[in-house]
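Quick notes on the structure that follows.
By letter and in written order, the chains are A, B, C and D; residue numbering begins at 1 in each of them.
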Amino acid sequence: MTDALRVTVWNEFRHEQKPDGKPRELYPKGIHVAIADHLKKQPGLQVRTATLDQPEHGLTEEVLANTDVLTWWGHMAHHEVSDDIVDRVQARILQGMGFIVLHSGHYSKIFKRMMGTTCELKWREIGEKERIWVVDPSHPIADGIGQYIEIPHAEMYGERFDIPQPDELVFISWFQGGEVFRSGCCFHRGRGKIFYFCPGHETYPIYYQEEVLRVIHNGVKWAAPPETAVPTFGNPGPLEDVKPAE
Amino acid sequence: MTDALRVTVWNEFRHEQKPDGKPRELYPKGIHVAIADHLKKQPGLQVRTATLDQPEHGLTEEVLANTDVLTWWGHMAHHEVSDDIVDRVQARILQGMGFIVLHSGHYSKIFKRMMGTTCELKWREIGEKERIWVVDPSHPIADGIGQYIEIPHAEMYGERFDIPQPDELVFISWFQGGEVFRSGCCFHRGRGKIFYFCPGHETYPIYYQEEVLRVIHNGVKWAAPPETAVPTFGNPGPLEDVKPAE
Amino acid sequence: MTDALRVTVWNEFRHEQKPDGKPRELYPKGIHVAIADHLKKQPGLQVRTATLDQPEHGLTEEVLANTDVLTWWGHMAHHEVSDDIVDRVQARILQGMGFIVLHSGHYSKIFKRMMGTTCELKWREIGEKERIWVVDPSHPIADGIGQYIEIPHAEMYGERFDIPQPDELVFISWFQGGEVFRSGCCFHRGRGKIFYFCPGHETYPIYYQEEVLRVIHNGVKWAAPPETAVPTFGNPGPLEDVKPAE
Amino acid sequence: MTDALRVTVWNEFRHEQKPDGKPRELYPKGIHVAIADHLKKQPGLQVRTATLDQPEHGLTEEVLANTDVLTWWGHMAHHEVSDDIVDRVQARILQGMGFIVLHSGHYSKIFKRMMGTTCELKWREIGEKERIWVVDPSHPIADGIGQYIEIPHAEMYGERFDIPQPDELVFISWFQGGEVFRSGCCFHRGRGKIFYFCPGHETYPIYYQEEVLRVIHNGVKWAAPPETAVPTFGNPGPLEDVKPAE
């Protein structure tokens, strides 16, 4: 990957536009801008944003064709995402586009599509503490952070998290109220790679926390499209001389 | 599981009804009957069949609620399976029903739904030899067979097979024409377990081959529903006293 | 498996023989007897025990040859286990014997041998609460228990646990002091299956807790030897006519 | 990783020193030199070699401390590798050093140590054809090669290959004589990453084949040490106020 990695930061961008709420106070320009502002400071990335209320949710064929890694945050309007766009994003992931799913994005149509499961979980919002432990220190997604990340006030997401067993499990979270959660999960799907990362909520300043942003950046790099051959499918002739057995 | 395991053998049942064809000659009562006849001879199983052209494809709410393991064969009419039934089958798998997908069932709506990928592959039908190697001899799905199964004449299914990495990979096939294939693949999804098994084609007598039937039977036993707690999702109170950090 | 499953419950049996200690008070006949007494009540099991200070640690060639599943508890005398016996147990596991490793057995020579890693972890003994969450409700090792098991007073074992990623991760523990732990881990090795289960300490009555005993019993059943072909290795002739390419 | 990645190419270097043999003819300076010569041409790598007959097998504490990725080829003298050096290499891998195991290195002491299994396989040397299929096109180890690599004349390595299920399976080989083999296998162990790659034999010019060298190079990059926190083990105080339950 000698050229810049082209990242599109997608956000539902509804909570933050409601007047007088905590989300607007914390993220006046939207969660996408907080994340994109961080990524724009990193070398080798070319970053843009897209949001639900743009035409085609900002995810036109042209935008996706020019996106190497897509990050996704949604919550209250999952059902408003059009099935056509879900089809389109799925196809691009399978072709090789990286996909980073953040927090409540677990319940988006596109994440459920990619997983084949309900993606349901337990949740609770009382501002409790979360401690995100690294369980795979060989994994580049944990680069540059300590043995754990502490989130002072977080929404609890707890097991059972109805996803397939991750191909690589990087983080497990501890919650003050008594639950655990597989909070950093890697999946290979088609030619694409998917990273689910738990932290982040519209009423907490989590997307300003340095370690959280570092993990998102690590995830973007890890999910960069491969430079592998595109598999062909269908009906090829034999590669060997075949004289079928009698 | 003290009671009988209730198995429903599903078949598209179209090829075999065409007059004067090889499928009809080989499987005059249908592929489902060949498989069900074998399973009916096994202890502890209670076996019925269902086919595409029955009302609700034979998969009513009542049938599915009383099915512990569902086996699936389809080929030429995947698109005729109604999306409502696909939704229903997916929900039952996630609740715990075992699911055995056979041969061309790889391209069924329900298997694609469960995998989240295209499930495409390479294929060729020239009657070449297939040799199915056991790569995980600790796995009960390989019980009772040798180090490999030889299929004298098979349809070639070759990599790249566009599925998620199996949770447990039991078999890999060698084909005379030069390809390989992950031909015995286990997946845990929700409370359910899925086994994909490659052999079997409407123009070969593969579903009369003892070792193939043995593996299907092993798969049925392996995929039996667990007796685990049904997870709850949603918004529980904390299990611990929480005094959120300042 | 129509005949009884032959289980050998191994215990270091040192703590419990020290006079006037908590281990002796809790487990007067030894931890192995507490576990064996439970298993002996289960149908289809034939249970014996073996301990470190018996000749060959109670694990003669004859005993191992007649053991289908071996459970292992050790702590203060790991270094006293002879390397020859470790070789012997490893060979039997690879041949198909199931192996259940309990609590501090994580640091035994044989578990480290099977994992290829240090098997180190964090630990703390202040009697804190542990809550063991089921993260794979499709897995038979979780049969018959609820969404979690609560251990009122436990030794903390915390991540980073230096093991390979489990083939199947069934349980994750939450600890009151702030840590998490992959506490129910399945591994396939050779023809054998290994289950590591965290709970259990010589100063807590954990091996009298019904749910813990149930999981050990489930693990024994899951790890039963397969009835698969024993792979051959070495130098076979070709299965096909080979005319090497020029 | 802004600085150069320091690679040590290790070779047993015995076959090639025998007079008048095919290995000497093909690899007059040794297999290690063929591999190192290729890697030296790649940007960002600093490459040296080491061989069995050097003091401490060329793998002194100092050399290993300054090695980011170690590649390993051995065959006829596995038993001559000292256990102390095996301990040392294992420790370095677990600390984060990448480890690339080539061909007959599958049966080295150090690979068996890391796997915990026998690492046995089937083998045959009649110069048959091998075709190495990419089964995970999302994996960077497959970068830059086609859907498969063809090796005109290879030693057959066949299943059952007695290793743990790879964390990521990248390649599966087809052999003319009728076998298959998991020929590109990734493992995470401790902070280190291990890649086993099948091709390469002392009597074939495989280590001059461009695609094989490309995969080795890809493996080296993939296995680069992480920049993650080094986990601490042992007995920490609680991170939370603990009032043990009564």
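Assume contacts are C-beta pairs under 8 Å (C-beta built on N, C-alpha and C of every residue); 3 or more make two chains touch, one makes a residue touch a chain.
Predicted model only: the values in this text are computed from it and were never measured.
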Contact-graph separation of chain B and chain D, given in steps at minimum: 1
Chain whose mean Cα position lies farthest from chain B: D
For chain A paired with chain C, centre-to-centre distance based on mean C-alpha positions, whole Å: 36
Interchain centroid distance [CA atoms averaged], chain B/chain C, Å: 32
Where chain D touches two or more other chains, by residue: 131, 134, 136-137, 147, 158-160, 165, 167-168, 176, 178-179, 188-190, 231-232, 239-240
Residues of chain D that touch chain A when the two form their complex: 96, 131, 134, 136-140, 142-147, 167-168, 176, 188-193, 226-232, 239-240
Contacting residues of chain C [partner chain A, same complex]: 131, 133-137, 147, 158-161, 165, 168-169, 172-175, 178-180, 182
Chain D residues within the chain C interface of the complex: 90, 94, 113-118, 120-124, 126-129, 152-153, 156, 158-160, 162, 164-165, 167, 176-179, 187-190, 231-240, 242, 244-245
